[in-house]
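Just below is one structure, and these are the notes that go with it.
We call the chains A, B, C, D, E and F, going by the order they appear; numbering starts again at 1 in every chain.
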Amino acid sequence: MTQLTTDQHERYARGLRALAAIDGDAGHKVIDSLAEIAPDFARYVIEFPFGDIYSRPGLDLRAREIATIAALTAMGNATPQLKVHIEAGLNVGLSRAEIIEIIMQMAVYAGFPAALNGLFAARDVFAARTASGQAPAA
Amino acid sequence: MTQLTTDQHERYARGLRALAAIDGDAGHKVIDSLAEIAPDFARYVIEFPFGDIYSRPGLDLRAREIATIAALTAMGNATPQLKVHIEAGLNVGLSRAEIIEIIMQMAVYAGFPAALNGLFAARDVFAARTASGQAPAA
Amino acid sequence: MTQLTTDQHERYARGLRALAAIDGDAGHKVIDSLAEIAPDFARYVIEFPFGDIYSRPGLDLRAREIATIAALTAMGNATPQLKVHIEAGLNVGLSRAEIIEIIMQMAVYAGFPAALNGLFAARDVFAARTASGQAPAA
Amino acid sequence: MTQLTTDQHERYARGLRALAAIDGDAGHKVIDSLAEIAPDFARYVIEFPFGDIYSRPGLDLRAREIATIAALTAMGNATPQLKVHIEAGLNVGLSRAEIIEIIMQMAVYAGFPAALNGLFAARDVFAARTASGQAPAA
Amino acid sequence: MTQLTTDQHERYARGLRALAAIDGDAGHKVIDSLAEIAPDFARYVIEFPFGDIYSRPGLDLRAREIATIAALTAMGNATPQLKVHIEAGLNVGLSRAEIIEIIMQMAVYAGFPAALNGLFAARDVFAARTASGQAPAA
Amino acid sequence: MTQLTTDQHERYARGLRALAAIDGDAGHKVIDSLAEIAPDFARYVIEFPFGDIYSRPGLDLRAREIATIAALTAMGNATPQLKVHIEAGLNVGLSRAEIIEIIMQMAVYAGFPAALNGLFAARDVFAARTASGQAPAA
C-alpha cells in the first residue's frame, strides 16, 4: 500500500499544477464556472483527476490525453469536455493530425456518428486556435 | 483526396498482417468464430479496422491500443473485445503497469464501476498469460 | 396480481394529476409540444410514467425525483428532461443543495463530465427560477 | 386525441395476445420470472410495450422487430432481451439472413464490438432452435 | 468466403451511388464538411457504410433505414445523424407516420427521454421539408 | 472554499468507516480483489467515493443509495456494482419493496430491458440474503 504521507494541501497544489500544465486557461474556466454552484466539486476536480490521476508517474501526459480523447469521443455525450481535452492534447504535444487519427479510430469501436461528431469538435477547436493566432501543431 | 490505387486484395492482405501483428491468435479466433454465421463480417473486420485504420501511418500501434483500451473500458459493454485489446496492448509494447494506468484513468471519465470492471478484465488476461508461461511485461 | 378494475379514463386522469403535481408547467409544455407530431405518445407519457409509475404508493415523490435526477445525470444524453426533473425535484421538496449533492455523487458512477454537465443544467434551472422570482429553496 | 374507451382489461388482454404472437414461450418465461419479485412490472410489460406499442396498426410486426433488434444490438447492454427479440424476429417472419444483415449494419452506428456481440447472440439463438428441431428460416 | 474481385474504385463508386440514393444532399454535405479536416474519413464513410453495408442485397433500404432510425434514437447521442437518417427514411419510402411509430417504440427499449428527443428531431426534419415545399409523405 | 485542514490519513480513515457502514463485507471484498492488481485504485475507491462523497453531510445515506441504485440500473453495464449497492441500500434502511420501486421506475428513463435486468439483479441479491438467514426487510 502506498504511504499516505502527502497531506491534502499538497494534493490540491499538485492538482492545480497538473491542471495548468494540461488544460491551460480552459481548465481554470471550468473551475471558475463551478465556484458559485458547487465549490466543493471544483476542489474534487482538482484533487482526484488532476492531483491523483494525471499526476501519477506511470504514464506520460501525451499517452493520458490519447486515452481521454478516445474515451470522450467514444462515449459521445460530453462534447464540452471533449473539446477541453482536444486543447489539452495539443498542449501536451499531440499534433492535430494525431488527434484526428485517434478520433477516426473510434469509428471502429463506437460507430461512425461518434467519430463524426468528434471530428467536428476537433474542427471547432482547431479553427478557434488558428483564429486566436496559435499556429497549428501539424 | 487519397488516390484509390490499392485494390481490394491488397487491403485484405494488409488487414490480415495488421491483425496478426496486433491481436495474434485472439484475432484469428474472432474471425474463425464468424466463419459460419457471418463470413462477410469477418472480411469487413479485416478490411476496415485492420486494413484501413490500424494500417494508417499517422499513429503508432502503441498509441492506437492506448486509445482502444481507454474507449472499451469507458463504454463498459464489450468485455470480450476489451480483453482482446488488453492482449493486443501487451503485444505492441504496452506494459502491464501502463495498461493499469489507462484503465484507472477511466474512473474520471466513465465512473468507478467502468474502471473496476476494466481492472478485473486486465487481471483475468494477465493471469491467463502468466499461467501459459508468458512472462509479465511489467 | 393487482386488480385491473381501474379503467383507462381513471388512469389518464391520475396521470394528469401526478404530472401537474410533479412537473407543473414544464410537464404541460412537453405534452403540448407532442400534440401535433405524436398525440398518442403524449397520452402514453401521461398514462405510463405518471399514471402508473409515479402514482404508485411504495415510494414518495421526493425519493422518486432523487432516482430520476441521478439516472438522467448519469445517462448524460437527455439534458432537456434532466432540467424538467431538476424543476420537479424542487417542486416536490428537494432543496437546491440536495440536488447538487445528488448530481455530484454521479461523478463516482458515470464520471466527472456527466456530473459537470448535470451541475451546469442545475445552474441554468436555478438561475431561471431566481430570475422569475421563485426564491431558492436552499 | 385518441378516444379512451378501451378499458384496462381489454388492454391487458390485447397485450397478452401480442406477447404470444411475438415472443411465444420466451415472453411467458420473462413474465413468470417476474411473478415473485415484481408482479406489477409483469403487468406493465404486457400493457405498455405489448398492449400499447406492438398492438398499434401503423407498422407491421416485421418492421417493429427490425427496429428492436437494431436498437438492442446498438445499445449492447441487454443481451438477454436481444436474444428474446432475435427469436421474436424469426417468429414474425424475418429470416436468419435478414437478422444477420440488421446486426452487421449496427457496426456502422455503434461500432464493431456491438455488432460482433450481436452476431454471437444470434449464433446462440439459431443453434438452440436448430438443436430443438426448428428448421432454419434462411 | 466472398470473392474479392471488386476493386477499390468500384467500391467507392458504389458507395457514392448508395449515398446519393439514401441521403441525397444531406449526405454530400457531411462528406464536404470532412474535406478539410479528415478527407480520408470522408472516403471511409463512402466505402464502408455505403459501399459495403447499404449496398448489400440481403435487406432493402426501407428495412435498413428502420434499423438505423431505431438505433440512433435509442443511443440518443447523435442527433445530427438521426436527422440525416429521418430524411433518408423519407427518401427510401418510409412515411412520416411510420417514422413516428419507430421512434415511439424506442420508449420501450431506451426510455421515454430518448423517444421524446427522437420525436423532436423528427418534428424539425418534417417542418424543414414542409417549409422547402416537399409534400409530407403521410 | 472549504478549508483543507483534514489530512490524507483522516480522509482515508473516514472513507473506511463509510465503506463499512454502507457496503459491509461486500465493500471489503472489492478492495481486497484490487490489492494485487491495482492497490492504489483500492485507495482511491476508499478516499474519493467513500471518504469524500458518501461522507458529505448534505444528503443521508438512504437518499444516496436511492440515487446510486437508480443510476446503475439505468446505465445497465455494471451489474456487479449494482448488486453491491442493492445490498448497500438494504444496509442503510431501504426496504426490498422500495428497491423494487426504484428499479421499476427506471423503465421510464432507460427502457424496460434495463429495468428487467435490474429486477433480476435484485432477485439474486434478495435470494442470497434470505438463504444466508438475513430476514427480508420488506
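One rule holds for everything that comes next: contacts are C-beta pairs under 8 Å (C-beta built on N, C-alpha and C of every residue); 3 or more make two chains touch, one makes a residue touch a chain.
If you're wondering where the values come from, they're calculated on a predicted model, not measured in any experiment.
Both subunit A and subunit D are touched by B, C, E, F.
With centres computed as the average of Cα coordinates, no chain lies farther from subunit B than C.
Interface repeat of C-F: among A-D, D-E or C-E, the matching pair is D-E, sharing over half of the residue-numbered contact pairs. Counting every residue number used by either copy at the subunit C-subunit D contact, over half are found in both chains. By count of C-beta pairs in contact, B-E exceeds the other of the chain pairs E-F and B-E. Subunit A and subunit E have centres, each the mean of its CA atoms, that are 32 Å apart.
Between the CA-based centres of subunit A and subunit F the separation comes to 29 Å, rounded to the whole angstrom.
Annotation for subunit E: residues 40, 44, 48-49, 56, 72, 74-75, 77-78, 81, 100, 104, 106-114 touch two or more other chains.
Chain contacts in this assembly form a complete graph, since each chain touches every other chain.
Those residues of subunit F that touch subunit D in the complex are listed here as 75-77, 100, 103-104, 107, 111-117, 119-120, 122-123, 126.
Interface residues of subunit B facing subunit D in the complex, by the touch rule stated above, are 30, 33-34, 36-38, 40-41, 44-45, 49, 72, 75-78, 80-81. Contacts from subunit C toward subunit F in the complex involve residues 48-49, 53-54, 56, 58-59, 63-64, 66-75, 78, 81, 97-98, 100-102, 104-110.
In the complex of the two chains, the subunit A residues touching subunit F come out as 1-2, 4-9, 11-12, 39-40, 43-44, 48, 52, 56. Within the complex formed with subunit F, the residues of subunit E that make contact are 74, 106-114.
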